[in-house]
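Next come two complexes, and both contain chain A; in the first it sits with chain B, in the second with chain C.
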Partner chain A sequence: MKQKLYNKLKFFTSKQEFSTIIILLLMLVGMSLLQNGFFTRRVIVSNINAFLPLILLSMGQAIVIVSGGLDMSCGNAMALMLCAMTKIMKADSPYTGVIAILVCILLSLAVGLANGFLVGYLRLPAIIATYATSYIWLGLALFITPTPGGEIVNWFKIFYDFSAVKGCAQWIKTIGSVLAPSVIMILLACTIWFFIGKKKLGRYIYAVGSHDDNAYYSGISTTKVHIKAYVINSLFIMMAALYFAGQNGAGSANIGETLTLQTVAAAVVGGVALSGGKGNVFMAIVGAIIMSLVSKIIYYINVPSAWQSFVSGVIIIIAISASAIYSYAEKRNLLREVN
Partner chain B sequence: MALLEAKGIKKSFGGVTALKNGNLTCNCGKITGLLGANGSGKSTISKIISGIYKKDEGTIIYDKKEINFSSPSESKQNGIAMVFQNLSLIPDLTVWQNIVLGNESKKKVFLDTENAMSVSKSILDELNPRININQKVRNLNSAQQQIVEIAKALVSNPRLLFLDEPTAALEREEVKNLFKYMRKLASKGVGMIFTSHRLDEVLEICDDIIVFRNGEDVGTIDFEKEGKDKKTILSLLTGSSDFNSTKKVYKDIKDVCILELHDLKHGKELNGIDLKLRKGEILGIGGLAGQGQTELMLALAGYYNDIKQKAILDGQEIKLNKVSTMIRNGIYLVPGDRQKEGLFMNCSLYQNMLYSKMGHKQPLFIPRKKYRDEARQIVKELSIKTDSIDTVVLTLSGGNQQKIVVGKWLPFDVKVLLLSDPAKGIDIAAKKELYDYIMKLVNEKSMSAILYASDNNELIDYCDRLLIMFEGKVVKELNKNEINDRNIVAASLHVKDEGGELG
Partner chain C sequence: MMNSKNILLKYKKTFIALLLIVLTFVVGELIMVGVKGADPGSFLSVNQVLITIKLATFISLFGLCEMIVISTGGDMDLSVGWIATLAAIFSTRIMDGKNQNLLIAILIAIGVGAAFGLLNGLLVSYAKLPSLVVTLAMGNIIQGLINAYTTGIHISGEPSPIVKKLAAKYTGIVPNIVTILLILCIIVIIIIYKTKIGVKLLSIGSNPNTAYLSGLNIKLIRMIAFIASGAIAGIIGILLVGNAGTAYKDMGSNYLMPGIVAVVVGGVSVKGGEGNYFAVILGAIVLQTLTNLFVSLGWGDAGKWTGYGLILILMLITYVRNKRSR
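What follows is the complex of A and B.
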């Protein structure tokens, strides 16, 4: 019995995800001590709301990184979709919301295909190609809304908070107080990846990211896989843009830029290898929450504002090295087992 | 019935002609041997037929239709599978995921994992049942990876199968299993094209052979009609009929010890090795594959930083835990896997030689002209076939590449040369040239060498003394006249009587 328990424990601790989850738990415990009522329903929902854009973008980023690419344009792509939607919508005519959503879908397809074409077909280095497209998205967003502004139709608030929508049935509002739109979006994103991961495409994304040439020799169309990975990523970006529109009711071209590098960091903290082919996409959620909690913790422990950036850098390094140390230890264990 | 007929295939890369006029035929249910030296065009023609390269000229008729595949996935759909010499595995996927890669079957919407695992298991059971299908391929040794690569080609039920050097990394038992499987496939009507540098294997398994030389086919032998004659094949391969193997003369070696090791241990691979290397001696390391020979070489090259034991080199104690220390002390490694360990494949010949100098102290500015002259000198001395020292080594043939791996250490004062299977995957002629050169070096510069070779013939031909390893220990020492195939095999399997797993 004891042995069985020990083996089970060993199984869990041998997973690379273990150390990252421990860090998350430590942070959550720390937060609950710092902030009164951290675990009340209201605070949890408001935190998830605050973290949602980073969570969605990080999942998309993780998929692209696993496929052997990188997306340096996701923040600006989100800003572009947001600006386009808030520009199209007129608060007094509800049907403009439908047009806005259609335009957003088309834009997200275009963004994904463009990045995928550059990286998968033209074989440009992903970091530079998407860095370049990030300026194109930013430029287009600035063209649409040179200054922050725009408006949304009232029903668009369903992407943010059910109770803010006029004429919404009471039972839906009740559901929304627990199963907030942001929670639904995370569940939806997880379901999407769960399905893809169990299909051919999921396997191929890992194969192509791990060894592009050998995947090609195995009869996989690597170009298509790259493009599809970027399109899935842009689908996640679109969800974040819808949420942002519902939350803010206005658009700003500069809203996404800081998010981009955070998504990369979140994916890496979650254990996704930048070299591609390795890591668990779901763990990007954990990475994103850790990244978001860093600034919250710094706020609550009253770090002098001059030192905030410094401390957050140190915390991120600790978080990343925890998973790196773990993968090193795992490798050594494996070698022992093999021989 | 002819399954495949390739006629007059031409292909050149940049300015280099890889294939002048290649003709290749394969019949249903037959195993055709495809022979040729490295760089003779046999890999190129295989890759053209399976859609990886595009041909410049020529026609390919497969299954009575003219074909021109533009990608490997297209040829795979038409029943052509290939076992790649450099393997086509994905290191981060598991064994079974690799085996079914590109051939996944579905159960409703999702991938059919159970079926994939059982199919993989059933194929592996026939080739090597000891491989765990849930392991990541990254963690397998090269023989196991080779088996997985073969299984991966077999799982698609091909009608035409290319096997490019499938046996180079395998043990005897595994080769036997593979041949059994190949015969089974042949009886089902599958056509196979088999490439190997081991002539005995070709004679054993093939029905007929096609020999390539300098980018064209120079001869075909049907074993059934014309019989199996090694001499004819060898003369076709090299274009000359001179094969007097040099009779080995054992030179007198004084009992001056240059390198001494006591109780060397590392992980589970090296379990206490005592070794004495005399000046001017070539010490062979033999035994079955994977008994710690490679690890011993790496340990001596300073590759493992956890080794605490010290070695005595020329009367001085040195630590074994740093590559740079070993290089400064004159111990140099020639690894067998030149693509991964020996060379910077995408760099030029000159750059490769330059980088090897970086372990030594350098002046403030690198003396470019001096080093370039040095590089040219080495190219001349080793007769490496290349246009200039700025040629990217990737484009050279395997034999020439391996010469660079040896040659890059020449400018230094070499005390001990570690040769870890230096002739792996290079052809007979290039192999002889390489070893002749190493012999010359050892004799002229009075250096010593430790040679590990997976091919016993190399050990027999070139070693003064031979140590046989088993499970990380030296189990037998063979001197001069005791070194012959029978003794080596007997000593390698020595433990078998005590219940070892090799039968």
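What follows is the complex of A and C.
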């Protein structure tokens, strides 16, 4: 009986995700000590609302990284979709909201296909190619909204807060007080990935990320897999853009610039290896929450906001170092086992 | 024996860069005069060309940092903009408008840059972390330091008159800094192609395995590349502040992307192994000319960034594709 328990414990602690979850729990404990009422529903919902863009973007980024690529353009792509939507919508005409969503879908397809084409078909190095496309998205967003502005129709707020929508049915509002739109979006994203991950495409994404050439020799069309991974990523970016539109009601082209690096860090903190083929996409959510909690903790222990970039940079380096140390240790353990 | 056909083939990319510059100037001139009705010579004239080269100089300087790092095998250094800004803020304080502290200011700028370069190099070369994320995070860290250092206090100090003369003023019609750039270009090309350390840099980028088997200490040399990049960025900081007359928080970040693009546009391989600095300078001039074109057309920032992105992609497609068929 004791042996069985011991084995089970060993199984859990040896999983790479275990240390990440422990860090998350520690941070949650720390936050609850720093902020009274951290675990009240209102505060939890407002936190999830604040973390949502990073969570969604990090999930998309994790999928792309697992497929062997990288997306340095997700922040600016989100800004582009946001600016396009807020430019199209006119507050007095609810019909424009539908057009805005259609345009957003088209844009997200364009972004995903463009990135996927450059990395999957032309086989440009993902880092530089998506770095370049990020400036294209930024430039286009600046074309559309040179200065922050724009508007949204009222029903667009369903992406942010059910009770803010005029003429919203009461039962939807009561659901909204328990399940905020942001939570629904996370659940939706998780469901999407859950089904894709289980199917053939999920296996192929891991295979291509793990070893591009071997996957090709096994008959997988690596081009298509890369493109599909980037398109799924831009689907998540679109959700984040819809949320931003509902929350802010206006668009700014520069809103995404700092997010991009954080999504990479969140994915790595969540255990996704930058070399591809390894990692659990759901853990990217944990990574995103950890990254966001760090900013909150800085705020609550009264570190001046000027230090935020500094701490964020240090955390990122610690995160990727930890991941590198972990995979190094794992390699050595494997070698020991073989010998 | 080099007959003209061989020279053409060997320096194909350099010629393409030169061609692009000429083309952009001509097209720009045609558009400005023909479509927009400006006076002839407002876009293409000796003065304009010199001003363009002067503006392109700072891009080429950052391009030098990038080229050194890229030549060792495809790493990139995204922190040089912030290193330059930090060095600018420190050195302007020290110089305070006089010449006597100039040497100390230069040493401190190089020291600060080299220190951060050392950190970058350790993390990338020895800890084997991806250079993009490490240098981006390091840039964040330096940005945080700058923010914390400058909160509430006004960045005081002025560059010394010598620096101002070198960076901002002209001798005749030629900007001084362009002369410095030309001298630097010759020095860099001699170092890269004729000295031991230069050849080692190129070898590592060209074929790391062979270099390792030939006894080169790859990790050390890669780290040296990052240190050099940081140190040069420090000096660029002093020149930047000499040009602008004062230091401010955001000096270097506008030059980072153009620096990388200049390397790619110049045809220097992003995978490493090449170190043709003259081509990088030409690439920077192409970029600056295009920026001038966008500005003249009234497209401003949006056009600039879109243009950079598109050009980078085009150049990547032309030069960097992994064409290996399988």
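As a convention for this text, the second predicted complex is superposed on the first by the 303 of 339 C-alpha atoms of A that agree within 3 Å, B and C clash if a C-alpha of one lies under 4 Å from a C-alpha of the other, contacts with A are read in each partner's own complex, and residues count from 1 in each chain.
The rule is simple: contacts are C-beta pairs under 8 Å (C-beta built on N, C-alpha and C of every residue); 3 or more make two chains touch, one makes a residue touch a chain.
Not measured: the values here are computed from a predicted model.
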Original post:
Now for A:Gly277: first (chain B), second (chain C), both, or neither, which partner does it touch?
Top reply: first
Original post:
Touch check for A:Ile320: first (chain B), second (chain C), both, or neither?
Top reply: second
**OP:** On the superposed three-chain arrangement, identify whether chain B or chain C touches more chain A residues.
**Re:** C
Original post:
Touch check for A:Leu179: first (chain B), second (chain C), both, or neither?
Top reply: neither
**OP:** Could you look at A:Tyr216 and tell me whether it touches chain B, chain C, both or neither (first, second, both, neither)?
**Re:** both
Original post:
Touching A:Arg123, do we find chain B (first), chain C (second), both, or neither?
Top reply: second
Original post:
Now for A:Arg203: first (chain B), second (chain C), both, or neither, which partner does it touch?
Top reply: first
Original post:
After lining up the shared chain so the two structures overlap, which partner does A:Gly139 touch, if you call chain B first and chain C second: first, second, both or neither?
Top reply: second
Original post:
Which positions of chain A sit in both the chain B and the chain C interface?
Top reply: 213, 216
**OP:** Write out the stretch or stretches of chain A touching chain C in their complex.
**Re:** 70, 72, 118, 122-125, 127-129, 131-143, 146, 213, 216, 261, 264-265, 268, 274, 304, 306-314, 316-317, 320-321, 324
Subject >> chain A-facing residues of chain B, complex >> reply: 52, 71-73, 76-77, 82, 84, 87-93, 97, 101-104, 106, 109-111, 135, 139-141, 152, 267-269
**OP:** Spell out the residues on chain C that touch chain A in their complex, using ranges where they run on.
**Re:** 74, 76, 123, 127-130, 132-134, 136-145, 147-148, 151, 257, 260, 264, 270, 300-310, 312-313, 316-317, 320-322, 326
**OP:** State the interface residues of chain A toward chain B in the complex, per the touch definition above.
**Re:** 195, 198-200, 203, 206-207, 209-211, 213-221, 277-278, 334-336, 338-339
